[in-house]
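In the two assemblies presented below, subunit A is common to both, partnered first by subunit B and then by subunit C.
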Partner chain A sequence: MQTTARTLRYQPLDLARWVIWGSTALLMAALPVFFTQGFAITLMSQMGVAIIFTLSYNMLLGQSGMLSFGHAVYSGLGAYFAVHTLNLASKGQLWMPVPLLPLVGGLAGAVFGVLFGYVTTKRAGTTFAMITLGIGELVFSCSLMFPDFFGGEGGVTTNRVFGKPFLGITFGPAVQVYYLIAFWCLVSMALMYAWSHTPLGRMANAVRDNPERAEFVGYDTQKVRWYTLIISSFFAGIAGALGVINFEIVTAENVSAVRSGGVLLAAFIGGVGFFFGPIIGACVFVYFVVALSDHTKAWLLYLGMFFMLMVMFAPGGIASLIMMQVQLIARKRFGRIWRQYLAAGASGLLVLAAVILTVEMTYKVSVDSSGGTLMKLFGVEFDAAAAGPWAVAIGLWIVGGWLFNAARKRVAHTYGEIQAEFLQGRP
Partner chain B sequence: MTSALHLEAVRKSFGNTEIIRGVDLEIPKGERHAIIGPNGAGKSTLFNLISGRFPMTSGSIRLNGEETGGLKPFEINRKGLSRSFQITNIFHNLSVFENVRCAVLWSLGYKYSFWHRLDGLRDARLRAEEVIESIGLAHLGKRPAGLLTYAEQRALEIGITIAGGAEVILLDEPTAGMSRSETANVVELIRRVTAGRTLVMVEHDMGVVFGLADRISVLVYGEVIATGTPEAIRANPAVQEAYLGGLHKDAGPESAEDAHA
Partner chain C sequence: MEFFVISLLNGVSYGLLLFMLSSGLTLIFSMMGVLNFAHAAFYMVGAYVAYSVGLKIGFFPALFVAPVVVGLLGAAVERYGLRTVHRWGHVAELLFTFGLAYLIEETVKVIWGLAAVPYRVPAALDGHLFTLYSTSFPKLRGFMMLVALLMLLSVWLLLKRTRIGLVIQAALTHPHMAEALGHNVPRVFMLVFGGGCALAGLAGVIGGVAFITEPSMAASVGPIVFVVAVVGGMGSLAGAFLASLLIGVMQTFAIALDWSLAGMLGAIGISVNEATPLYSLWKLQISQVAPVLPYLLLVLMLIFRPKGLLGTRAD
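Right, the complex of A and B next:
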C-alpha cells in the first residue's frame, strides 16, 4: 500500500519538466545564431507556425479522437482577421502592436470555433469528420464569393513594418519575426501542454477512449468536444496570424482542404499519441514542403510515400519510434540492437538511393526532358535516357532490397526477443 | 420516506416489439435489490431505461422522488445514479488511476475546467486513491486499464461506477464470466463498496443473488412476475416454473458455473 502512495504522489517541483522546457526555450533562442542564412530563418519561422498549428490539431485528433478535415478553417479565418487588423493598424485607424496580433487571430479562430464547433461536435467519429469536411468546403467557397474580405484570387496583402521602432525592433528583418514566432510558439506549446493536464483535457482523453462511459460519469460528451474544439481553434488562429506576419499575405489557400489535409499529414507523421509527436511532425512536414521542394519537383511524391510508409509500418508516428528506443535505453537493451539498426539503416539508404534515382530519372525523362535528358544526382552527371543509370537503379533495388529485408528481419527478431523478456517481467 | 427508485408502468418498444411491458418497481433507500430473469427478459433494457441510455416509450421513473424520464445519461448521473455495464466499459488507454479520477471529477465540481491543474487537485487524487484501494487495484494504479486482466477490469468497472459517490448504484452482471474464487471476491467487494447505498443489480449467478440481495424481482418477458425476499422468491411457484426450475435445488455459491448457462 505504501508503494501506491509513493508512485501516485503529486510532485510540485518536477525537475525533469523544467529541464525539458528550459532547454527547448534555449534551443529556440540559439537556433538563429547557428543558422544565419535567410533561408534557414524562414524555414525555422515556418516550422514554429506549423508546430502551433499541428499541436492545436492534435488537441482534436490525438487527445480527443476527433478526426477533422477542416482545421484550416480556424487558422485561415484567424489569418484573415489578423491581416485586416494589421492593415487597419498600419493606416493608423486601429491600435494594435504587431506582437499582439496573434491574439486577434486566436480570438477570431475561437469565435468561429464557437460557431462551427457547435454544429460539428454534435456528433463524433465519422459524422464529425464528414461535417468538418463540409464546413471546410463551405468556408472555402465563401472565400470566392466574398472577394472584399477574402481578397479573391490574389488574396490580401499587408506590411508588417509600420510606426516607430520599439527598442529598435521593426519586424522588418526576418530574424525578428523568427523570435516573435518562437516566443508565441513556446507560450502556445506550454499552454497546450498545460491544457492536456486539466480536468477538461483529461476528460477529452476519456471521451476519446469511451464516450459512453464518459456520459455515465456525468459528462456531456458534446460539451467536452465543443470546448476542446474552441480552445484548439484559438491556437489555430494564433498560428494563422503568425503566418500573416511571416508572409505578409493571406490567400484562399489558407482556408483550403489542402491546408487541412497538410496538418493531418504532419500530425500523423509525427505521431498523435504523444504530446511532442506533432512538434516533430510539423518540422518534418515543413522541411518536405519548403526545403525539399527546392531540390526536386517530386517532393510531393516523396511526402506521400513517406506518409504511406509511416501509416503502414509506424502508425504511432516518429514519436512512437523514439519512445520505443527510449524504453530500450532505459532498460539497458539498446546495446543489443544498435548494430542491427545500423545495418538496417545502411541498407535502407541503398533502397532510398534506388527510390530517388528511379523517381528522379522518371521525372527527367517523362516531365522534364525539353532541355535534354542529362541530369545530375548525388554529384554525378549522367544521361537519364541511357541504359547504364537504369541498370544501376535496378542493381540498387535488388541489392538494397535484399540486404534491407535481411536486416529488417534481424531487427524485428531481436526487438521481439527483448519485448518477450519485458513481458516475462525481467528488469 | 421517498423511494430511491420508483418505476411506474414503464414500457419500452423497439419497433413493434415491446420489450418492457409495464414494469412497476419500488426500491427503498439502502436496499440491495436484484433483478433476475431468463435471457431476453429485458433486464439490461430496464437498466438502460433507468440510466437514460434509451428513452422509455411510456411510464415514469423517479429517482429519489424526482422524475428522470427523458433526461440524458449524464443528467441522471449528476442526480446521483451510477451504473456499470455487462460488457466492460472502461477508458482503455488511461491508467487505472486516471480512470477512477475521471469518474470523480464531476462530482467534485471540476466540470469542464481548463484552469485547474489536474495533479494539483488533492481531493480528486485522494478520492481516486481511496476508491482504487477499496477495489483492490492499488498496486496497479499506473497500469493502462486496457492491460488489466478480465477480473481486474471488472473490478475497475465497479470502481468507476461507485467513485462519483452516487446514492443509487446499478450493476449489470458484475460477476459474468468469472471463476468461482473471483466471483466470491467480487461479492465481497460489492458488499463493501455499496454499504449504505442503494444497489440494484442484474445477475445470473443465483449464488450471488441469494447471498447478496435484500429483495429480488423476477422479470419474465418484460414483466415483473414477482418481487420479494429471497425466501419468498425461492418458494414462489410461478417463479420456479418460469425461471428457477432445476436451478432451485442447487442454488447456492457452488452453482456459480451452472447458473451462467
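Right, the complex of A and C next:
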C-alpha cells in the first residue's frame, strides 16, 4: 500500500461562469448596434463608469463591511490627476495615450488610498463612517483652497482628441469612448470578481462578519481593511479617469459628498450582498439621474423614496429580490405566487401614480406657478390649483393604498407558506 | 482688543447655536445608538415651518409652534420608520437617516422651492443690543445666546430633576431592566427622538433668521454638527457643549484672520514669492483655511482620542 500526500483539488470546468462573462462581453459589444442614438450611447457610457465606481464601493460596504461616506475622494482625485495628465499629454509634454489614462487615475486613487486609508481603516463601524465623512469634507474644502490644482468654481477642462489617430481611432465620436469604457468596465469587473475569491477577499469577508475571530486566528483586521481600501480606491480612480474621458471636465463636485452619497445609494439599491447587485444599482441610479431628471425636477425625491423603501423593506437590494425569485423558480413554486405579484404590482402602480400626482401638483402650485397652474401629466392636461385633480390624488391614495396593502399581505402569506415548506424539507 | 471681544462674542453665539443642534444629536445617539444623519434636515424644516407659520401668527408664537411640529415629525419618523429598520442593525439605521436627509431636503425643495425664502428678523430683535468700542452687537445674537442657555438649562433640569428624565436615563443604560420594570422603552425612544428633533427645530427657527433659509442650509451645517458631536464625545452632552463653543470660537477667529505662512516667514526674514515651490500652500491665509479646520480637528481627534473630549466610549 502506498500513502500519498496528495492535495485534493476541485476544479471542474465552470461552464456557467464562461457563459455569463462571455454573454456580458457580447452584450456590451452589441449594445451600440441596437441603440444608436447619441443619448443612449452617453447613457451607456455613464452606466459603464458608474458600474466600476459602484463595484469598487461595494468592495468596502458589501464585502468588508465598511460604510464609507467619502468614496468620491478617490475617484475625484483620480479624475483630477487624469485630467492634468491628459492636458500635459495634449501639449506634448508627456507621453500618455488616452486608452491608458484610467491607469493614471487608478494609481492616483490608490496612492490616496494608501494615505487616507491608513488613517480611516484604523477603526471600523460607525467611527470609520465618521472619519471617511471628515476626510471627504476635508478634501472638498481643500478643492476651494487650491484653485490652481482643482480649477476653482469652473473646474478643469480638457480635450480627449489630440495627436494622430491610431488605426482610425481618435476618441472623438461617442461610440469610440463607449467601447473604451466598456473595455475597462469589463476588465475591472472581472478583476474585482477575481479579487473577491483571493485570500484577501475572503479575509475581508471574515473581517466583516467577525472581526474578533479574524484577529484571533492571527490576521490584522486593520491591515485587511487597509489593503482592501487601497484596491478599492484604485478601481474608483479608474472610474474617475474614465469619467474625465467621457465628460472632458472635472469640477469640485467630483470629490463632493453628493458624489459619495450617490455611490452609496447606487450600491445599496442594487444590493450589497451579491457581486452583481451594484451593477444593477449603478444602471438604475444612472437611469434615475440622466433620464428621470429630464422629465421632472423632483427626481432626487423619487430616488430618495426608492432608497428609503429599499432600506426599510428590502435591505438586500434589488439583487436579493431577484435571488428570492430564482429560488422559487428553481424549486417550481413560482406558479403559485406570480398572480399575487401581478396584483401587488398593479395596485403598487396606483400608489405610485398617487405619489407622482401629489408631488408634481405640489411642485406646480408652490414653486412653479408663475406661468399659470396648468400642467400635463401622463398626457392629460389639468389645472393643479383646481380641486378635481387633488380629489383624484386622494382617491388614488385611498384605493391604491388599500388594494396594495391587501395584495402585499397575500404575497407575504404565500411566500411564508412556501418558505415553511422549504424548511420542512420538501423538494 | 475690540476685535478680540467682538469675535469672542460672535464665536460664542455661533457656538451656542451649534450646541442647540448637536445636543439633540447627542441625546439621540446616547439613547438609541443612532447617528441621525437627518438631524440638520430637521433643523432646516424648523426654519421653513417657522417662516410659514410666522407669516400668519408672527415670529414669537412660531418659536414655540415650529419645534413642536418638527418634534411630532421626528416622533412619527421614529415610530413608523426607524423602528422598522432597527432590527436590521446600526448600519441600516444609519442608511435610513441618510436617506431621510435626502428625502427631507427634496421635499422642502418641492414645497418651498429652490431659492431662499425671505425669512426676516422680527422688528423686536432688529437692531443693536449694545455697542462695544465702535462695533455694535446685534440683538438677534444676544437672543440666540439666551435661547440656547435656557434650552441647556431646561434639558438639564428635565434629565436630572424629573421622573421622566430618570426613566430616560434608566432606559439609556439598562433598556431591558427598565422594560422589565414596566416602562415602555420603545415609547421613551420615540420621545427622545422627537425631543431631539424638536431641539433641532428650535435651532432652525433662530438659525433660519440669523443666516439664510434655503434648501442647502442643512448640507452646510450638517457636517459641522457631526464634527461637534464627535469631537465632544459621542453621547456626552457636556462634551457637545464644550466642542460647540470651541468650534464656534475657532471658526469665527479663523475667518477674521489673514495671516499666512508666507507672511510669517516674511516677518522672520525669509522671502517667499511666486517662484518658491508650493507657493499656493505658503500664501494661504488662515481665513481661507477656516472651512477645513473643523474637519481637520475631527480627523485628528478620531486618530488620537477616538472617544472625544468628554466621551466615555470609543465606538
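In this section, the second predicted complex is superposed on the first by the 417 of 427 C-alpha atoms of A that agree within 3 Å, B and C clash if a C-alpha of one lies under 4 Å from a C-alpha of the other, contacts with A are read in each partner's own complex, and residues count from 1 in each chain.
Following the convention adopted for this analysis, a residue touches a chain if its C-beta (ideal position, glycine included) is under 8 Å from a C-beta of that chain, and two chains touch if they have at least 3 such contacts.
Since the model is a prediction, treat every value here as computed from it, not as a measurement.
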Partner chain in contact with A:Arg339 - subunit B first, subunit C second, else both or neither: neither
Which of subunit B and subunit C A:Thr198 touches, first, second, both or neither: first
Partner chain in contact with A:Thr362 - subunit B first, subunit C second, else both or neither: second
Which superposed partner A:Leu301 touches (first subunit B, second subunit C, both, neither): second
Greater subunit A contact set [subunit C / subunit B]: C
Which superposed partner A:Arg17 touches (first subunit B, second subunit C, both, neither): neither
Touching partner for A:Phe216 - first (subunit B), second (subunit C), both, neither: first
Touching residues (chain side subunit C, partner subunit A) in the complex: 35, 81, 84-85, 88, 90-92, 94-96, 98-100, 102-103, 106-107, 109-114, 219, 223, 226-227, 230, 280-281, 284, 288-289, 291-292, 295-296, 298-299, 302-303, 306, 314-315
Contact set on subunit A toward subunit C in their complex: 65, 67, 119, 122-123, 125-127, 129-131, 133-135, 137-138, 141-142, 144-146, 148-149, 257, 261, 264-265, 268, 297-298, 300-301, 303-305, 307-308, 311-312, 315, 359, 362-363, 366-367
Partner subunit A, residues of subunit B touching it in the complex: 51, 53, 72-74, 77-78, 82-83, 85, 89-94, 97-98, 101-103, 105-107, 110-122, 125, 129, 132-133, 138-139, 141-142, 160, 163-164
Residue ranges of subunit A in contact with subunit B within the complex: 1, 3-5, 7-8, 10, 194-195, 197-203, 205-206, 208-210, 212-221, 223-224, 227, 231
